[in-house]
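Next, two complexes with chain A in common: one pairs it with chain B, the other with chain C.
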Partner chain A sequence: MLNKYLAFPLAFCALVSSALAANHVVEQKGKAFSVKSLNVKVGDSVEFVNADPFNHNVFSLSDIKTFDLGSYPQGQSKKVVFDKAGQAEVECAIHPDMILKVEVSE
Partner chain B sequence: MNKLKNILTACAIAVAGSVGAAGPAELLAHADDMTWLLPGVPYPTENAPTPERVELGKKLFFDPRLSADNSVSCATCHNPVLGWADGRATAKSIQGKDLQRASPTIVNAAFNSIQMWDGRKKSLEDQAMGPMESMVEMAMNLNRLFAWLKSDADYAAAFAAAYPGEAIDDKTVSKAIASFERTVISNNSPFDRWLRGDANAMSASQIRGFRLFTDENKGNCAVCHQAPNFTDNGFHNLGLPSYGAPEPDVGRYAIKPIAVLKGAFKTPTLREVARTAPYFHDGSAKSLMEVVEHYNKGGVVRKDISPEMRELGLSQQEMQDIVAFMQALTSPQINLALPELPY
Partner chain C sequence: MKRHGVRAAAVSLMLLGAATASPMAAAVDLPSDVDFPHRDSPEARVYRGSIVFSNYCVLCHGQNADGKGRAAKLYTPPPANLRKSDKTDEYKELIIRRGGAPMARSEFMPPWGAELTEEQISDVVSFLRSIAPEDAPR
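What follows is the complex of A and B.
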């Protein structure tokens, strides 16, 4: 019975929290990320748009987030949600001079 | 006033005439091409070059006593008369066995933001001890090395002059070798002179080759061999036949286990490339024409191949032009005085 009463507020909170989460767009252009560092909140997503006429990759092997978005061509984008607080270093595996530091805060 | 006007007009005609004599506009470098001119040689603030550091580094670079049996120096695989490489398909171990990868040239390595075919070392300082520590390269016992360098009066004095107050250890040995390597620079090739305004420095074929090299719809070479040092410091699988072996060399993937890096190797500089045959990390191409033919086919082994590899559809003449352009990337040999090794 208690669960029934709790279920609605919890679902509502989750909905509100996801509605409040922001999406940050970062471009990959001229073999560089459009910003060198980015501050986001837990739950925010970062969308990586390839604006170069060749393939880029996006990956991170950081403690708070490990992912590999693969490689994709110009015009395509892929998104990743940062769900833990801390620091993440995001790179392009093909072009290791491309580095983005993401600071994720509560 | 009219007289002045006439003089100015005459000057303008003379200037226009001299430009015309140098060649049609398509044979001249454009403003956009200037991105290919190399900047000054970068160096870390903690290891600014001095004549003493470069001289010490040169001694160490050419001294075979830095190897286990006094048989191999840095210059054995990075030989100045072989484009600072070794002319072999793949390097030879101190035990005389063929290794898996070619010795890369050290020409313009000072400009690289990442070192080695698989990028496992970042800077020249990070890289310098690697071959001495490798049991198949110089196989040196480092404790023995530093003890000997300290006990040798000439070396001890050279270290004191280069790095006063610092120990003779892996840090100072690395810094000295890196300082010498930063003097191995190619920036005065026909291509460089053409960029700087000498319209006759490159032949018409070489200029056509440069345009094909940078044209995304033709050679598309500059997508990886980018300005100014002909490298993106990046990693690509070129679809070489050797990647079809049962257990191929996975290259960068062994360092960073990211799928796109399977069989990917670092883009080498092309400066001095005419002096560094054979080509590719496995030494599988004997000539520059074989290299261009490989790219024209779009590679051989499709597994894990870079998405930038595609059939190019270049004609024989176009391929010859690109080869001719790469031959315009050779600078006059640097004037290298032999080092005095302590004995």
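What follows is the complex of A and C.
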């Protein structure tokens, strides 16, 4: 019964929160991430763009987010959404020296 | 004892390759009665291959090459246990160069062709041969 009255506000909220969630672009260039650390909000996405003429990979074994976006060539990008607050370390399986710290806050 | 130290130092200098040939080598007073493994000897290749392995492969395949690296839990199928591999050197070289996807294996086995030199690839294949089962096909 309430559905009729809830549907609109709920849809509105969903729209607003997805509009508020930001996308942060990080490049993989010269076997490094373009920044060493990044502050994001819960719900934000980080997009990794490979700007090197060879493959990069992106993965994390952090408590707040465990993922592997695979290996991909120059020009391609992959995205991950950070849905929990805390700290994540993002790495590359091909280049052991590549590390990015992501601080996710509420 | 002392002699052993000098030998080990000289050997590792040698194994670490021509690229890093250092003037220090000349300063080491080499004992004349020891045989150094030649740069192209199987021992030298396996040793260099083990270094490549611990730099790039342990993350997934593990320090012990048994497939239990720290990132192993991310992958299904899991990283191969390279001590039990029944693949030939040729197959290993291909999957290392091209990655898992073009070989109809896991896309999470990365392609290393652009990252490693020809020598590093053949060295790591020699290392994998040295830890493969005796009866595995060559």
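Here, the second predicted complex is superposed on the first by the 106 of 106 C-alpha atoms of A that agree within 3 Å, B and C clash if a C-alpha of one lies under 4 Å from a C-alpha of the other, contacts with A are read in each partner's own complex, and residues count from 1 in each chain.
In this text, a residue touches a chain if its C-beta (ideal position, glycine included) is under 8 Å from a C-beta of that chain, and two chains touch if they have at least 3 such contacts.
If you're wondering where the values come from, they're calculated on a predicted model, not measured in any experiment.
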### Query
Superposed on chain A, are chain B and chain C clashing or fitting side by side?
clash
### Query
When the two structures are overlaid on chain A, which partner does A:57 contact: first (chain B), second (chain C), both, or neither?
both
### Query
So, A:74: does it touch chain B (first), chain C (second), both, or neither?
neither
#### Entry: Partner chain(s) touched by A:45 [first = chain B, second = chain C, both, neither]
neither
### Query
Is A:66 touching the first partner chain B, the second partner chain C, both, or neither of them?
second
### Message
With both complexes superposed on chain A, which partner does A:34 reach: first (chain B), second (chain C), both or neither?
### Response
neither
### Touching both chain C and chain B, counted on chain A across the two superposed complexes
53-55, 57, 59, 61, 68, 70-71, 93-96
### Query
Which residues of chain A touch chain C in their complex?
53-55, 57, 59, 61, 66-68, 70-71, 93-96
### Query
What part of chain A is in contact with chain B in the complex they form?
31, 53-55, 57, 59, 61, 68, 70-71, 73, 93-97
### Task
Sort out for me which residues of chain C touch chain A in the complex.
55-56, 59-60, 70-71, 74-75, 99, 107-108, 110-112, 114-115
### Message
Under the stated contact criterion, what part of chain B meets chain A in this complex?
### Response
113-114, 119, 216, 223, 226, 232-236, 252, 256, 258-261, 264, 306-308
